[in-house]
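There are two complexes below, and they share subunit A, which is joined by subunit B in the first and by subunit C in the second.
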Partner chain A sequence: MATGEKRKYKVIGTRPLRHDGVDKLTGRAQYGADIRLTGMLHGVVLRSPHAHAKIKSIDTSAAAALPGVRAICTSADFPDQVGRIVELGEGAVNMRHLSANVMAHDKALYKGHAVAAVAADSIHIAEEAAKLIKIDYEPLPPVMEVLGAMRDDAPLLNDDVRMTEMGTVKPETKPSNVAAKFLFTKGDVTAGFAKADIIIEREFRTATVHQGYIEPHNATVLWNADGKVTVWMSTQGTFTARQQTAELVGIAVSDVKVVPMEIGGGFGGKISVYLPPVAAILSRKSGKPVQIQMERAAVFEATGPTPGSFMRVKVGATRDGKIVAGEAWIAFEAGAFPGSPIAPGCMCVFSCYDIPDARVEGYDVCVNKPRSNAYRAPGSTQVAFAMETVVDEICEKLGVDAAEFRIKNGAKEGTRRVDGPVYHRIGMIETVEAIRDSEHYQSKLTGPNRGRGIATGFWFNAGLKSAVVATVNLDGTVSLIEGSTDIGGSRTGIAMQLAETLGIAAEAVKPQVADTDSIGYTDVTGGSRVTFATGIAAVEAAKEIQKQMVERAALLWEVDSASVKYEDGKVIGPAEKSFSFAELAAKIHEVGGAVIGHGTSSSAEQGGAFGTHCVDVEVDPDTGKVQILRYTIAQDAGTAIHPSYVEGQMQGGVVQGIGWALNEEYFYDDKGVMRNATFLDYRIPTCYDVPMIETIIVEVPDPAHPYGVRGVGEVPICPPPAAIANAIHAAVGVRMRDLPMSPPKVCAAVMQKK
Partner chain B sequence: MRDFDYAAPTTLADAVMLLSRGNGAARPLAGGTDLIDHVRTGRLAPDTVVDIKKIAELNVLEASPQGLRLGAAVPCYRVYGHAAIVADYSALADSGHIIGGVQIQTRASFGGNVCNSGPAADSTPSLIALGAVCVIAGPKGTREVPAEDFCTDPSKNVLQPGELLVEFRIPARAKNSGSHYRRFIPRNEMDIAVVSVAASVTLDDAKQKIIAARISLGAVAPKPLLATDAAAVLIGQVPTDDILAKAADAARKIATPITDMRGTAEYRTHLVGVLVTRVLQAAITRAKGEKLDYRPGH
Partner chain C sequence: MSKKRVVSATINGNTTEFLCEPRQTLLEVLRNVLNMTGTKEGCTNGNCGSCTVLLNGRPVTSCLVLAVEADGASVRTIEGVACGSHLDPVQQCFLEGAALQCGICTPGFIMQTEALLEQNGHPTEADVRFHLAGNLCRCTGYDKIVRSVLAAAEFKRGEATT
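And now, the complex of A and B:
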C-alpha cells in the first residue's frame, strides 16, 4: 500500500518483471560455482579443529607427495602486512588481522580458522591431501563470551590489540581482548534521570547468529603468467574484493580484476574476502586456475556471523509518558579480531526517540569465535531488542498504548541523535502511525496464550560512491552498466530510475553489473545505499543522455540546441518538431557517434530508514514454543521504486529477524566447538514457520535523493526480536531478555512464573 | 570422498552375497538420503554400495487381514499414500509425512531410517508402538527381531555383516484401535526431533476403557524405547487426565536424555510428559473413530 495520492511517476512505483528473472527461474544464471576454466584445479582449505591454539609447526611434505597435488599454501606464502586500517565501505579493517583471518599466522583463534590450503586435480585428491598435512597445535583455553573475555584474567587472543578510546590508545594501555571503547553523550544524563517518575533498567543478551545465505562463499582465481590476476566470485563489492585481494597477496590493485557472479545471498557477509587470496596464491604456485568453494560448516564456522552481545539499557520517563533520559552499556563479541559493529550499535540504541539526556558506552571485544562481519543493519537488531523491550515495559507500567507512546517520543526532523547528527526529514512517527491505524493493530486478538507486540527500529542509509555508464542503442533501448553488485533486485531498481528520468519503459533499459576493469569505482552493496546512491548516478547519467539527445536532435533539425528541450521521454524542437526517444535513437549515428551518459555519486549518510512492526503470537505454555500468528510491517521507503522489491526486502528482513528471535544461535560446547554448523540444527525459519508478512509501505521522501528514495534493505530485521518478546509478554506474562527466545527458555520462564 | 563400487542386485540372495563379501565395508543403499550425505562428508567410506531398491521383497507394501507388510525400501510417500495405512496404521503415515520434505519422502524409506538407527529417527517409534517385527535376511537364513530390539545404540543395531533388513511385519489392528506419532521440534517442519512419542491404543467395545496400549519414546535414550510401564498404567482404565498424567510420569522415568544443541536433558524429560499426554489423547481420538485435528509442528 503506497500513500493514496495520484502517482507522480510513470515508471517509479510500478512493478516490471526483473531483468534477471528469467535466468534465475530457469537456472541459467551464472553463479561462482558454475565457473569452469580449462585446466582448473580444485582447492580445499584445512581448518583448525581448536578454538584457540598455538600453531607450532606445519608439515606439508606428505600432502605435497600425493599424486595430483599441484600446490599447497600456508600463511608463510602471504606477504607480511602492517597493521594498516583500510576502509571497506561498510566498516574498516586492519590488514594484518584480515591477513591472519584469511590464513592463520602463529595462532588459530577459532574452530574453523584456515591454517593451510591445497590445490589438486580433483576435489577428492585435494581433500585427501589436506588430511595429510600435519599440524602441531598447542591448544590454549578459549574464551567464548563477551563479559568473560573482558576480564583481566581472560585468555588473550591477540597480543597486538590494545583498547582504543575514540580512535586513540593511551600509552599505558596493555594488550587485551577489549579492542575499542565508544562513548556518546548528549545533555546531562544524571539530571535527566532525576526528572523521571519511572526508571526501567534491564540486562539483555543476544546469541551469535549467521546471515545464513544459501550460496556458500566461492572464488575462482587465475594468476596469469603476466602477473595479472582475475577473480570470479560471489561478492557484495567487486572493488573492495579487488583491494583486499591485491593487498593480501601483495600486488597492485590494478593487477587484479574481479568479475562479479550472481549472488545467492549476502546480507553483509560477502564483503570481507576469505577465499580469493588463498586461491590466488595456489594459482600462482601451480600456474593454473584454482577454484575453492566453502562447505556449509566452514561458512558457519569461519565466515562472519553477527556478534553475540551483552547490553544494559536504562530508560527514565515521566508519569505522563515522556522519555527524559536513557543510558546504555553495550558489549559486542567481535570474534577473533576487532571490528564488531559496536559503533553503529551505540548510535542506534536510542535512535528512534527524542531523548534529551543520554549516555551510551560500548565495547568491541575479541572472543574465540569467527571474526564478525556485517549482517543486515549491523548492531541495530541487538540494541533494538534491548531498547524496545524496555520501552514496552515502561508502557506497561504507565498503562499507555505502545504506539501512542512511540508517537509521543519519536525522533523527527531536528532531533539530535546521541552520537551527534541531527535528523533531517525522517518517517519514524509515520511508521508508528501506519501501524496504529492498521487493520491488524485495530483488530481484537482473542484466545488463550496469545499476545500482540510492537517495536520500532532504525538503520542508516549510507551514501558512498557509485558509478554507472549508459549507452543509447539504435533500437531505442539503453544499456546500463553499473558497479553495484545486485543482491536484492537493484539492477531493476536502478534501471527504473534511469528509465523514469529518460521517460522510457523499464524494459527498454538493459542493466548489467560489470567487472572492476569495466566501470568506475563503486562501493559495496551494503548500508542500504545502492538504490539511493547508484540511483543518483543513474539519474545523472540519464540527464547527460538527455543533453546529448537534445544536441543530436538540434543537429538533425539544423536548429540551435537552446531551442530544443527534453520532456516526458520526447525531444521537442521549434515548430512542433519532435522525436520520441526511440525515433531519435535510430538517427543518432547520422549526426555523430554513440550517445553515452555516465554518472557518479559520492554522498554522505542520508536520513535513514525506520520501520514499526506489529506481531501476534501464540505461546504453547507446556513446551515454550512460539507460533507467529500474524505479522505486519510498516516501513518508510521514502519513495518505493519497485514496490514488490521493497515488500520483498521488508518481508525478508522480518523473516530473518524472526529467526534471531526464536531459534537461531551458535551453539558451542565447552571446547569452543560449534555443534550446530548445519542448516538442520542452525534453525533459520522455514516457510512453515512464518505467516505471510503483511506490508505497509510508508513514503516520506528523502530530500537528498531526486526521487526521494530511502534504503529499505536492512531496517526490517531490527524490530522483530523485540516485537516478538513484547508479544510473548502480552501472551503469557513473561519478559524474555535473552535471544533466542527458544522453546526451552520460554518454557522455563513460563514454569517459573507458575 | 573415496571411489566405491556400485551394485544393484535384483534378488535377495545376490544382495546378501554382495553384503557378505563386503564384510562390513559394503553398505546397502535404499533412498540414500542419509548414506549419500555420509559418504560425501566422509563419515562413511564404503568399498561397495549395494542398491537394494530393485529387489521385489524390499518393495512389498500389502495390507491384509493378517496385518501389514512393509518392505524395507518402500519410500515414505507410498506409506502415507496408502489408504489402509492412513486408516489403520496412522502412526506410520504420521511418521512418513514429517521425514524430510516432499523430495526426501519420494526416496527415503522406513527401512533405511530404522537401519541408520538414530535415536531420534521418526519412523522407529511408530513401528515399535504398532508392534512391528523386523524380518532380516542373512547368510545364515532369515530371522525376526521385534522393532524395539532392533536398535542398540546411536547408529548401531543388531544387523551382522552380510545381513539385510527385508521388511516390517505389523500385526493386524484390533477394532477400536488408534495410533499417533508426533515429535517436538523448535520449528514446524524440516527439523529433527528433540523428543518424539508414538502410541497405539485399543479401546473396549464401549470405547470407554483402554484394553491395550503401546508407547514408544524417541530421542531420550541411546535408542528408541518401548515404554512398557507407561502403557501398563493405562490398561483397564478410562483415560482421564489423571490416568494420562500417570502414564506421562511413568514414561518420564525411563527417559535418560542427553543435553545437546537440540535441548537440555531436563527440558527433554519435561517434554516426554507433555508429548505422551498429547499423543495418547490423539491416539484415543482416532481409536474412537473421530477425526484428529492435527498440524505437524503445532
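And now, the complex of A and C:
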C-alpha cells in the first residue's frame, strides 16, 4: 500500500530532483511579472469603489493629458459580445459576461470591478493618471448574501440573466439573480426516508474564500504592427487564455500566441483572464508592449473567490447503521455573473456513499461579489462540510464508530451517484480503512478540550485534452515538449512517465512547457488532470519513439524490423544483437533524421479520487481558538508517480482546507466593501499555525491510465472543514455549522452550551 | 515626481550604484531598475514575505524598505546565495526535500532561512515555524519546507565539525 515497498517500476515511485528546481531555487526562473521587453509600458487598472453602481460617464481627458501617459482604455474599446456562449475548455462561458467582467460595461457589479485602465512610462505615472479619471457613478443597493439575492424584491444585478433549469431556460422566465437550478434524483426519496430509524437535517453556511496564490495575476502583451498579439503571462491554461483573449479583443485565435511564464500558484483561479485583453488594447493603442501586474487588494476584490454557500442536508439511516436516504438543498453565490460550481456541488454532496434514494436541488445565484472561479475541487469542500458533519452526528446518535460507518456505507465500484454515473474501480473505502488502521486513529487522545474527528471527500478528476512531442537527442536524452503549464512539479511527473516507458532515467528527459504556437492543443492545468492525461500523452509519445528506435536498429543491423524488439530500455535484435537506448540514440542519424514521438490524450476519463482525513484539535474554551494538534491524510493516488509531490499536494490541500475551516473569509461591510483585502487580515495559515501533515498514500490503480495514475491535486482540500468541525464537537460538545469556525463563533457556541 | 537620487550599496558583494526616485522601494529597484527579478512580489505591503532580502545581514521585506535607505548598506538577495554553480546547503536541502511547488515563495523562504541559521545553528521545529511565520506559502502546507530547513541546519552543523 505505502509506496516503496515493492518496486513494480524503475522510475515511477522514485523521487528524482525536479528538472526546474535549480532555476526556482536561485531566482532564475522567470515568472509572469519577471519579463522585461524593450520599450515596455506599465499599466494600471482603475476599479470601482462601489459594490453596485450605474456608470453614468467616464472622463479620461485629464489623465490623457498627464505627461508619460501613452494609452487609456474603457469598455468602449472592446467589441460588443451580444451574449455569445463559447466553450472555453472548462465549461461554456457567456462572452458578454466575461467581457463585462474584464471591463465593466454600464454597471459596476462589485467593489474592485475594473472600469478603466492606463498605460504609462512608469507604474507611478500610470497610478497618478488613474486617479485623474473621473467617473460619475450612481450607487445602487448591493446584495451580498445568497438567500437575500434569491428574494423577488432583491436588487437585480444583470438584466440579461434568466434562470435555466438543468441547462435550458423557460421562455416566460423574468430576469433574476438566480441564474440556474439543478435537480438530481435517484430512487424514491420519500420512500427512502420512511425506512429510516434516525433522520438528521441541518443547515450550513460557508463564507466566500479565496485561492490565495502568492503570485498576483499578471500579463505582458505586445500587439504588433502586423496584427499579431503575443501574451506573456502566468496561467493555468495557455490555450484557454489564448481563446479568451482573442474572443474578447475580437481577433482570430491564431493571431494570438500565449507564452507561458512560470506560475506562482493558481488552484483554479488562474484560468479566467482578467488582464491580457486589457493589456492588449492598451498595447494596440500605444504601439508598445504593456505589462500589468495586479495589486494584492485587487486580487482579493476582483478575482478568485470560491462561493459562499447556504446548504440544507438531510440524511436518514437505519438503527444498524445503514444510510437509506439523503436530500440536499444547496445555493452557491456565483458572484457578479453566473457560473458558480453549483452543479459539481450537487453531484459531490452524496458522492462518498452508496445511498439508494436521494434528491439534490441546487441554485446558482448572483450577488455583488467578484465573479466566482474554480478553487481546488470546486463546490466539493462546501458540501463535504455539510454532509460529513451530518454523518458524524448520525454516528454519534447511533453510537457507532465513524470509520466503520463510512466503510459500511462507502461508495464502491458499481455504486451509482445521484447525478447518474456509476463508479468504476475507486478507493473510497480503502482510504477510510487506511485511516482506521493508522497509528494516529488507533492512538489515545487525552487532555481537556481535545477531540478527534474524521471526514471523507471526493473529486471527479478530469481527463480532457493534452499533447506532447518528444525528440531523441544523440546523447541519449529526450527533449519533451508539453502544453501543460507546470504549477507544482508536473514537468517531472510527466517526464518520469516518458522515462519509465522508454526504460531510461528521469534525468535523461528534458521537459519544457511550450507556447501555443509550439505544441498542440492542451487543456488547463486543473481538474487534477495533468499527471493523468498529459501522462497518457507522454506514454503514447514514448511508444512511438520505441517503434522508431526499433526501425532504426533494424536498418543498422540490416535485419527485418519484425525481428527487433524494444525491451527494458534496450533494443534487442536477432543473434544477441542489442543496443542500449543511448548507444542507439548516438547512431540514429546514420540511418535517418530525428526520431520524434507525438502523443495526445483526449477521451480517457478518470475514475475519481477519495481521501479520508483524521485530525486532533484542542479548543481554548475562553477564546474559541482551535489548535490543530495532529493531522493525517489518507488518499487514493492510484499510482504515485513522484511520491514527494503527491505528498506535497496532499499537505498543501489540507492546509488550505484548515485555513478555510478556521480563519478565511471575505469580510464585507454593509456597503459591500471588502474590509480585509490584505494577507494580514485575510489570514491564510502560516507555518506557525499548523503541525506536520502526516500522509498515507493509498494506491488503487485507475484502470483508465497505463500506470494507474489518479490525479491528487484537488480532493485533499475537501475533508478538512468537516473533520475539524467533528473534532471540535468531540472536544467541547458543540456542533459548528458555519464556516469559518473562527474564535468568536466557537467561543459563542461554547458559551451558549454552558 | 521628485528628482532621482544616486544610491550606492553593496549588493551580493558587488558595489552597485543606481538611480532611483525617493518613493521607490528596494523591491522595485531590485526588480525594475537592476533587473534582479529573483526577489518576488506577492503583496507590496509586508504581509507575505516573498520579497525578503538581507539588509546588513537582517531579513527585511524589501517592499517596505525605500531604496534610498539602502545607501551604504549591504544587501543580499536570492541571486547571491548560490556560490557559483554550487547550491548553498539551504537551497540543496529545499531541492532534495521537495520544499517547493510553484516556487514563488521560495526565494523569500531561502533568505529567511539563511538569516535563521546564521543566528541559530540548532533550531527546533518550533523555532523554525516561529521564525518563518512571516513567509506565506500557499502550496506546500509548510511540512516539507520545515523539514528542509531542519535538514539544512543539520547539514551545516556537519560541515562545521568536519
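We adopt the following convention: the second predicted complex is superposed on the first by the 747 of 754 C-alpha atoms of A that agree within 3 Å, B and C clash if a C-alpha of one lies under 4 Å from a C-alpha of the other, contacts with A are read in each partner's own complex, and residues count from 1 in each chain.
Keep in mind that, in the parts below, a contact is a pair of C-beta atoms (placed from the backbone, for glycine too) under 8 Å apart; a residue touches a chain by one contact, two chains touch by 3 or more.
Just so it is clear, the structure is predicted and the values come from calculations on it, not from any experiment.
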item: Subunit B versus subunit C as contact partner of A:G597, first or second or both or neither; value: neither
item: Contacts of A:P277 with subunit B and subunit C, given as first, second, both or neither; value: neither
item: First (subunit B), second (subunit C), both or neither touched by A:I214; value: second
item: Partner chain(s) touched by A:G573 [first = subunit B, second = subunit C, both, neither]; value: neither
item: Touched partner set for A:S742, first subunit B, second subunit C, both or neither; value: first
item: First, second, both or neither for A:V654, with subunit B first and subunit C second; value: second
item: Larger contact residue set on subunit A - subunit B or subunit C; value: C
item: Which of subunit B and subunit C A:A29 touches, first, second, both or neither; value: second
item: Which superposed partner A:Y688 touches (first subunit B, second subunit C, both, neither); value: both
item: A:Q627 touches, of subunit B and subunit C: first, second, both or neither?; value: first
item: Intersection of the subunit A residues that touch subunit B with those that touch subunit C; value: 124, 680, 685-686, 688
item: Residues of subunit A touching subunit B in the complex; value: 124, 127, 622-623, 625, 627, 662-663, 667, 675-676, 680-681, 683, 685-686, 688-689, 742-744, 747-748
item: Of subunit B, residues touching subunit A in the complex; value: 1-3, 42, 184, 186-192, 194, 260-264, 267, 270-271, 274, 297-298
item: Residues of subunit A defined as touching subunit C within the complex; value: 15, 17-18, 20-22, 24-31, 33-34, 36, 123-125, 211-216, 262-267, 293, 295-296, 487-489, 644-645, 647-649, 651-656, 678-680, 684-688, 690, 692-693
item: For the subunit C and subunit A complex, residues of the former touching the latter; value: 1, 21, 23, 28, 31, 35-45, 47-48, 50, 77-79, 81-82, 87, 91, 94-98, 100-107, 110, 125, 128-130, 132-147
